[in-house]
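Letters are used for the chains, namely A, B and C, taken in the order the chains are written, and counting of residues starts over at 1 for each.
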Amino acid sequence: MKLITAIIKPHQLESVRDALERFGISGMTVSEASGYGRQRGHSEVYRGAEYTVDFIPKIRLEVLVDEPDAANVINLIVQQARTGRIGDGKVWAVPVDEVVRVRTGDRGPDAL
Amino acid sequence: MKLITAIIKPHQLESVRDALERFGISGMTVSEASGYGRQRGHSEVYRGAEYTVDFIPKIRLEVLVDEPDAANVINLIVQQARTGRIGDGKVWAVPVDEVVRVRTGDRGPDAL
Amino acid sequence: MKLITAIIKPHQLESVRDALERFGISGMTVSEASGYGRQRGHSEVYRGAEYTVDFIPKIRLEVLVDEPDAANVINLIVQQARTGRIGDGKVWAVPVDEVVRVRTGDRGPDAL
């Protein structure tokens, strides 16, 4: 299994999430983050306000997936998160040894 | 070494933390997250309020452990986080190449 | 590639970030966390207030790096985050299978 993490623009979350659901992903975890990137010094409009400070609000999305789905899920997130403007973010994958669903104790792909 | 991450219900944190301490775990990191899962559409009571929206407040717990402790720590978190109701969460483990304790520069299991 | 994660004291973030920039790191992601560690029971001053509670505000820093830079980046974070007082934090590295830059679709070291 793999853990796919994406740092994306907050406005792109809904479109990413909808595409993941259509793909059949039933769960994901979202949290708030601040990004420092090449945009530093550039400004970005977020909720109507312009940011010229050196950190930018981002969304961190985490999705545990079965190995055969990893490449498709990465591609789908990249497509949906892309606006073509600087600061669109990163997507990465790390290997996962074990996953457990807490309610049932299921492990492996059955835990997803 | 392993990094164990758990997405759990906020109300279960205290019981998980207490059990980890009794097991001898001296450190852990906690942050806030929002979960999208099969509970979508269902409602959940959190701090007296009912959530029917499609994201649910969750706690993200991270614990670095030495390899021989990993299976026990996973089991312990799963036991303590379980309420038996939908949305109890996930626990997963990823391999860790290196850990350093900042204050001393200790590495490996000594860094924990 | 590697994902380096650091849990550090909030006051040390600026010095860590400046050192990473001087090293040539052009991006990083920051979020808020609460730490439970050996400081439990001790108190810590944060933004003028003293914390005696058992969780302490920490910063979680994440930096994706190319393999040859990993050891240097870890050392640099450890140096800059160190105050010599209890609770200085942890730095760890996990293996990363794949990184994509969302705007361009670049993969691997070119995605950083």
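We take it that a contact is a pair of C-beta atoms (placed from the backbone, for glycine too) under 8 Å apart; a residue touches a chain by one contact, two chains touch by 3 or more.
Fair warning: this is a prediction, and the values are worked out from it, not measured in the lab.
In terms of which chains touch, the assembly is arranged so that all chains touch all other chains. Rounded to the nearest 5, the angle that brings the Cα atoms of subunit B onto subunit C is 120°. Counting every residue number used by either copy at the subunit A-subunit C contact, under half are found in both chains.
Subunit A and subunit C have CA centres that are 19 Å apart.
Multi-chain contact residues, meaning those touching two or more other chains, occur in subunit A at positions 31-32, 94-95. By the touch criterion stated above, subunit C contacts subunit B in their complex at residues 2, 6-8, 31-38, 55, 58, 60, 74, 77-78, 81-95.
Interface of subunit B with subunit C (complex): residues 1, 3, 17, 26-32, 64, 94-103, 105, 111.
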